[in-house]
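Letters are used for the chains, namely A, B, C and D, taken in the order the chains are written, and counting of residues starts over at 1 for each.
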């Protein structure tokens, strides 16, 4: 059955699998000390135009968020997130499991506003009894957000400025970063992110890899003994080459960006088709996730022929659903979907 | 350079990589609900002769130990382990990070004795103030142990009997289980383990996979909402196929056992060679890890030509080192090593 | 200086101190196994008309909330609270420190609505991906709330019914329970609370004791080995008599209720005086905490003569402040305050 | 019935109770910002000859150990303790609950040897794979130990020197510190401890107070926002005066030392009596805890007339029991006990 359920339904880009085969019997040290990981890090530093970047490979968004947030916060600090942030809503309490509160702010199309953030920070520090409360110790944003939306460069700059004024790090969750960077409606580049954020991750799992995400610390601020933190969280790969080979391949010859662009091209085709057929959009998303509103009856019929993702009930007779394209979506599938709709 | 440093220096068995290629563009659901995972579980149940077994795939020994132990223990319980148990010594405090004490018992060639365990449990429950202490809530053993040694079927049966008498689960860490099962000196089979243990894992990372371990709950005792526990620990793979394809391949046509047998054959060759050349053994290991005692000078010379693992200082002039074979060790490498020694 | 800053500015009711003196040299067992604790528990059971109640004494609201919530929740569960709930706002992340999320609901004068709760629970269980989210595992309410307001018996009954429908416990934080029970505008009695809630605590620290709160489990639902949970949280008193003597005295001859009534009488005098002088109230509180709106200039002048509690900035020129009466407030102090205002 | 069960069977020194009465209605700020706490801190600083000492009052040994250790350690660090250390054996896993491993060393009459400590630290840092293990981040000793024994000044100096060489703090658990300082066989003074340790606590609960212990940070090393750490652990008293009044009284006119001396005098009487009657000692304790070996039959008879503490089974027919004196033991009780024995 045709599936637009998510962007992790297929395996990995074939060049990655080929590279696994080619390098398979080279004996290399474990725990990330292999030449593939080293090479991948060099290429990522170059792509970020951030030669001092410290990079570590982890597996999956929830793991990455938990390890980064827990290792960068003091025990008495929490992390500020838009209410719809993945860490607040869809990670089974993995952040609270590490002992830290997620401090929610209002969301606007999935995004946090710099003025809301500033207000929270100002109110906290002005409150005479703030030592009895959770200290806001880090800001978490996702880009693209859970709704597929993107921060503008100005918005990122403003958030970054507030963070610096209050001496707390800005952390960007880039689970779908490639799709954000290759959106036709963005003015944000990878070097911008490296400059404006203190730490971020480049998602691999949803952008062509079987697994693995690259955490990038941009300001010589990787926590001391980070490998030990990672191991303590059960997140250290014995065969670090698994991540290394994947990211080395993705950052060779622009592959990460090209396959991300393909997903965006497919999303734009899909978007155009949906618009032409008169499906109402729930939100205007410039990336690979498209949210439309379906009558429940229509939805039930459609379910028999194509897989998509239930998002939320809108009212008694309508539902918001998500269609996602990815690096692996063939153009033919878009055409087939259009016929079904 | 020739390496006998460990059993995770190479990638994965080529049949696994081939299978990745073959299945790469099949669209499947995430989080372990894919057909490859289902098929792998069926095959593992059959190999264990345990049709009711509940199986979950995780990544890496430390992660697996932390998730299994934390999700099966009550908050006030700890896990009993031989002093040399991996959870007690080499996992960066990952168990304590989840809030549970590792309660050490004396070790004999890396193994725990049933009488020591019984004595600890008896003493605990007889102590009138035991509510002020950590409750022993689970027993952890590794098989093969960190020293490459193996429990006999009688020893396992005795440990299991003590656990049942005190109503606590027996957990077996099988990071290198294949090498244990194919040892020439064992009377323990996979079905024995499934019968005598309440939970155990079949290690993939060190036995032919790129990553992934299969946790097997044998007594209808998988913790409720285990997937949520796993996600909360940051251990849930979005692309569950990564584990599924690997274990499905390993448990097809006996592959897991055949490649394990190869490692044992290589270890026996190595052992014989070492003995012939007069190297003293630190311990008599019947599996793929061989521990010998080297004069420090000899060790320094050898280091320039072959990679092996520092184990511990024996005295001022001698060091214990480890040579490991694996599923990937070519017979030629053993010959080359023999020439060097 | 005159102080209405809070309800914990004085020591303890003198009858408690006298009882310390009388019992001081009686040798009794530790950890709560003393006759004073036993007697106090009997009296509390009688006052609650709940003969099967299991009771444990802890110290302070934050400690009590953390121990109760952590010991009653499964690892993957969180606690639902009104956004203004003490556990969500003013406990330095003590709940998250134990690994559990506080799941906020809208507040109405500090209270949670049964329909909001039902909606959250229904939405959670209907969501197909709920195993990726935090399970709502308990409901936390405070009575009186942080704003001094009270649930009606009907409101409590409705919340209780929702909790039972979804099989999760209802927990009532009674840090100021005495003041709630003796309010002139309540129809809720202590036996009502024991019937409708699954667990609650009777606050001592703010109602006449030096420290100590009495946790009451009403449904034979005290977590197994609760003493060990308590000790693990560092909350077990060696000299359990400290709590026992205090609660035994408070629940002898109705003392807890009489001194609470006194605080309410004082609060009503204060309220009447403030109203007569035309001070606008921020909220209509029927208990010992009164919130009024002051012009900032007026506030600064007043600060020099009387201590009160900053609550929050209302706008650029006005501030909400709190005046609290207590068991210890002399009527004379109300008169003095009225002269100042 | 006569009781020598422990040193917390009575209430508090009467001067403390009198002081509660005298100060009861003085209105003071909460959370330790009261004048009694300030005065107590000044007096403790003077007694320690450590004018820069930072002091915080907590309640109970387990709570104090958990808060101090957790707030001073990095996430990847554990605390080194003699195997018999209270944190390792009798605190229900309260340290592990905070995420940190207790790293046991051999004990000699309850004490740790500097050379064992040095060896552990040296081995750790020399091990090439130490980033995969728990970092030893603090040393915990108790003085008196759980066996009533004491470190000599030389032993403390040696431990302190090792700690400084490895840049980790030395923490002394002084639950019974008064009894240690007033022992007839010690050369260690309170200023010695303040100089040699980085942090320690002066026990109140077992030395004349109802509750409360005074944590002393001696090297300007109190963790930042320590009050917030304390609150997060549920350990912050609203009525800080409860601790303040107690310690202010104990450190006025040498009271803490005088009542400790009384306990020692009683212990020496007891010891002499036991020796004269030919009871074999299990260990030679110079403080208020005396351990003797009883035939099981004798023990059962004795139990009917006097309370003492079961310590451990020695063999099939003998048991080690503990008799404890305290600040509250009347000389008459020693005489009565001697008649019974």
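One rule holds for everything that comes next: contacts are C-beta pairs under 8 Å (C-beta built on N, C-alpha and C of every residue); 3 or more make two chains touch, one makes a residue touch a chain.
Everything numeric in this text was worked out from a predicted model, so none of it was measured.
The pair with more inter-chain C-beta contacts, choosing from A-D and B-D, is B-D.
Farthest from chain B in terms of Cα centroid separation is C.
In this assembly, the C-alpha centroid of chain B lies 41 Å from the C-alpha centroid of chain D.
If you average the CA atoms of chain A and of chain D, the two centres end up 50 Å from each other.
The residues of chain D that reach two or more other chains are 75-76, 91-93, 97, 99, 131-132, 228, 231-232, listed in rising order. Here chain A touches chain B in the complex through residues 3, 5-6, 8-12, 14, 17, 20-21, 23-30, 59-67, 91-94, 97, 205-206, 210-211, 228, 231-239, 241-242, 307, 328, going by the rule given at the top. Taken together, the chain B residues at the contact with chain C in this complex read 70-71, 74-76, 99, 131-132, 135, 224-225, 227-229, 231-232. Those residues of chain A whose C-beta lies close enough to touch chain C in the complex are 75-76, 78, 89-93, 96-102, 104, 126, 128-129, 131-134, 310, 313.
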